[in-house]
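Same chain, two partners: chain A is paired with chain B first, then with chain C.
What follows is the complex of A and B.
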């Protein structure tokens, strides 16, 4: 019985930890509104460029490309912005700074695994972002006329899937960041990772626009579950079965990510010799 | 004027010497540049696997646009962006006061202090991409066009510098400007495609508000036989106006700056 109680207590304090972390970030986010908007404008240009280019091509083909209409392309990239917002996590490039400034040493003294700090912090930032982003999304809708008619189930799956994407990407980036503890020149590897992600995640184009071989590669990598799947869940016409198996795939990649975080963190910390305080 | 040039030369030498200490970074920069170019070309190939021409631009012509964008990006990342980032950081940390107490033109000083030499690798790879694009064009490029191209590149670099300066001057009012690089990087990607592709409102704002249309598309027009002399005149006039405005805005910002310890 006491074991049960202890476990319940551990879960409760973890939930409390996450809620507090998120609340702090929500307050910070609302304090720096101008900065948040400027950052968002910079971020928005990426999907708007893709949208314009692919829509131009679709128009040249009489309005559709590979069976996808101009309105659907618009919907894809507008939903993209929302998914991208959820996909922002602690960057692996940041670990170099953490090590150099002695942040990591301080973090190691705390009783909770560092991954939880990042997960709680960035999850909290989503809320102010979401609220401030809403008018921009409406504006984009007026400009580009997306065609978006999701079923209720698709909406539900979408909201689960964007959090799934957030978890997968957080874990993967944490694992990448761990490489910094072995080599300070991990930058090149991060870059390869991000460019691969760009090409086979659905970030650049809906995966169906890619050649068949690229789609086959994408099927075996975690990337499409963080961009293409959540976007398509809302925009595309996926069957109920595809939607639910998609969520299972996300669970699988989250489980793999968690295991890797656990293992790589142990190995890295053993290797780590502190800098700073 | 002579003193200004002397100062520029000294700072450049210092910057080069500083960067020479970290030679391994040269290879990292080459690797990053190659990777960036490879992915951009893959994206172009993907786009042109679905179409022959994008808004009238063929794949070879778009290679030229891409090359110009990479080349100018190299110039900005090597000499403009690091200086402007340092400016905003110095305002925030209160270190700008040290610079202002020196007996030289403040705009010149804040624009010269940093040089990231290895980023110039992008200038080389951008130039190669332009050359490949030009060599694949159906028509040849004459001396006049080549000269106009180089001149317009300088105009483009100057416009982008002014744009950055205006943004960074904003730090006198908005102290925390961590988002500037993200904002610029995001918006600069617009230049990857000819400005004519974009819908009207975006095209105008990316030409006059953010001068990326002038900076990237216009030089590319010079070597793809799309350039009209009116465009050249407008570009030159616009660049002059923007330079004056940026300088005035800098002085205005400076006059409002009360210093960190005052």
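What follows is the complex of A and C.
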């Protein structure tokens, strides 16, 4: 009984930490409203470019591309922007700064795993971003006329999947970031990772536009579960089985990410030289 | 019986790349990289009892901060061992991290854009502190350091000294039993230094906390520490009472005499000649007042580091 009480207390404390961490970041987001807005607008430029390019190509091919209409392409990239808002996490490139400024030392001195700190704070940042993103999304809708008719189940799966994407990306990037503790300049490795993500996640182009061999590779990597799956859950016409199996795949990749964080953290803190402030 | 802090032959060796300046050396390092071992801490052993405030002294690069980083669990040692509050620090058990703190003079754990009160609230959640006792502790510490008007301002608008005071309070909200303070008064003016010193003394007295303090300001050490540990080149040079440091390393004493005609004589004599010099002075002059003093602690420390 006392073990159960202790576990319940630990869960309550963790929920309290996440809510407090999120509140703190929401305050920071609102403190710098203009900067947050500029950031949100800047973030939209990437999918809008993709959208315009693919829409133009679709128009030149009689209005469809690989059987996908212009309205669906618009829906894909507009939902892309919402998924992107959710799957932004602490960048591995930031780890060098984090070490140099002593921020990692400060986090390691706290009785909570640093990955929770990153996940709580970035989850909080989503709230001001979403509030500022909403009118922009409406504006994009008026300009590009997306074709979007989701079923209620697709909406539910989408809202679970965007958080799943957030968790998977947070864990993967945390593992990547920790490589900085082994080698000072791990950025070259990050570039390869991000290039792969760009190509096989559905970020640059919907995976259905890719050749079959590329789609086969993508199926065995975590990237598609952080972009393509949540987007398609809302935009595409996935069967109920595909939707639910997709969520299970996300759980699997989250579990793999958690295990990697656990192992890599234990190894990397032994290498930490606390050279920063 | 081991103390609250028990350090046993602790060692830390860093392996650092090294090369000459210039393009040729840069190209050579591509195929033949040279490494050098830096023995930052070299077999240091000591114990600190509960409630003690111990000064941890040494010149830059002596290994003080590296030792504190190992004792707070940030660094894994290369050899030797340590236990703090019964825990192996680099095991980083949550129970241990909840009971200690490391305050570094140039570290900022506060949210830059928000009032410190918000960072304190985050610390409450991180350390799993019940709300009501947390509020009481927070208000007490704020009052003790008189920073009531600072904690509502965004941290970025605080001066260095103000930020340090707020930082110290933030580090103590969970009422740690062991404090590792690394240059807590660095860069502060004398008034601010004194405030921080008084606060540390008050915290130590109020909560019986054990404190290991590094500082280059001897005023900090004299005000807070009865005992000092001196390390140099990673090795322990001295561990004992502050006054004993002067006895052992003070090369001279200062004799001051006020003569009958009002003239004042001041002279520094080698330590082992103090008695003879005093006797000679008294025999040759009519002396109204006489004082024999150890050199200032700064001079003693300088002597230690030079030796």
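In the analysis below, the second predicted complex is superposed on the first by the 275 of 277 C-alpha atoms of A that agree within 3 Å, B and C clash if a C-alpha of one lies under 4 Å from a C-alpha of the other, contacts with A are read in each partner's own complex, and residues count from 1 in each chain.
Here, a residue touches a chain if its C-beta (ideal position, glycine included) is under 8 Å from a C-beta of that chain, and two chains touch if they have at least 3 such contacts.
As the structure is a computational prediction, the values presented were derived from the model and not from experiment.
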Legend entry - Superposed model, chain A: greater residue contact from chain B or chain C: B
Inset, instruction - Return first, second, both or neither, reflecting whether A:45 touches chain B, chain C, both chains, or no partner chain. - result: first
Inset, instruction - Check the residue A:273 against both partner chains and state whether it touches chain B (first), chain C (second), both, or neither. - result: second
Legend entry - Touching partner for A:218 - first (chain B), second (chain C), both, neither: neither
Inset, instruction - Could you look at A:32 and tell me whether it touches chain B, chain C, both or neither (first, second, both, neither)? - result: both
Legend entry - Those residues of chain A which chain B touches in one complex and chain C touches in the other: 32
Inset, instruction - In the complex, go through chain C and note every residue touching chain A. - result: 14, 69, 72-76, 92, 94-95, 97-98, 101-102, 104, 106-109, 111, 113-114, 118-119, 121-122, 124-128, 154
Inset, instruction - Spell out the residues on chain A that touch chain B in their complex, using ranges where they run on. - result: 32, 34-35, 38-39, 41-46, 48-49, 52-53, 56-57, 60-61, 65-66, 143, 185, 187-188, 191-192, 195, 198-199, 204-205, 209-211
Legend entry - Complex interface listing, chain B residues touching chain A: 24, 28, 31-32, 35, 39, 42-43, 46-47, 49-51, 53-55, 174, 176-180, 182-187, 189-190, 192-193, 197-199, 201-202
Inset, instruction - Report the residues of chain A in contact with chain C in the complex, numbered from low to high. - result: 13, 16-17, 19-21, 24, 27-28, 31-32, 101-102, 105-106, 108-112, 269-270, 272-274, 277
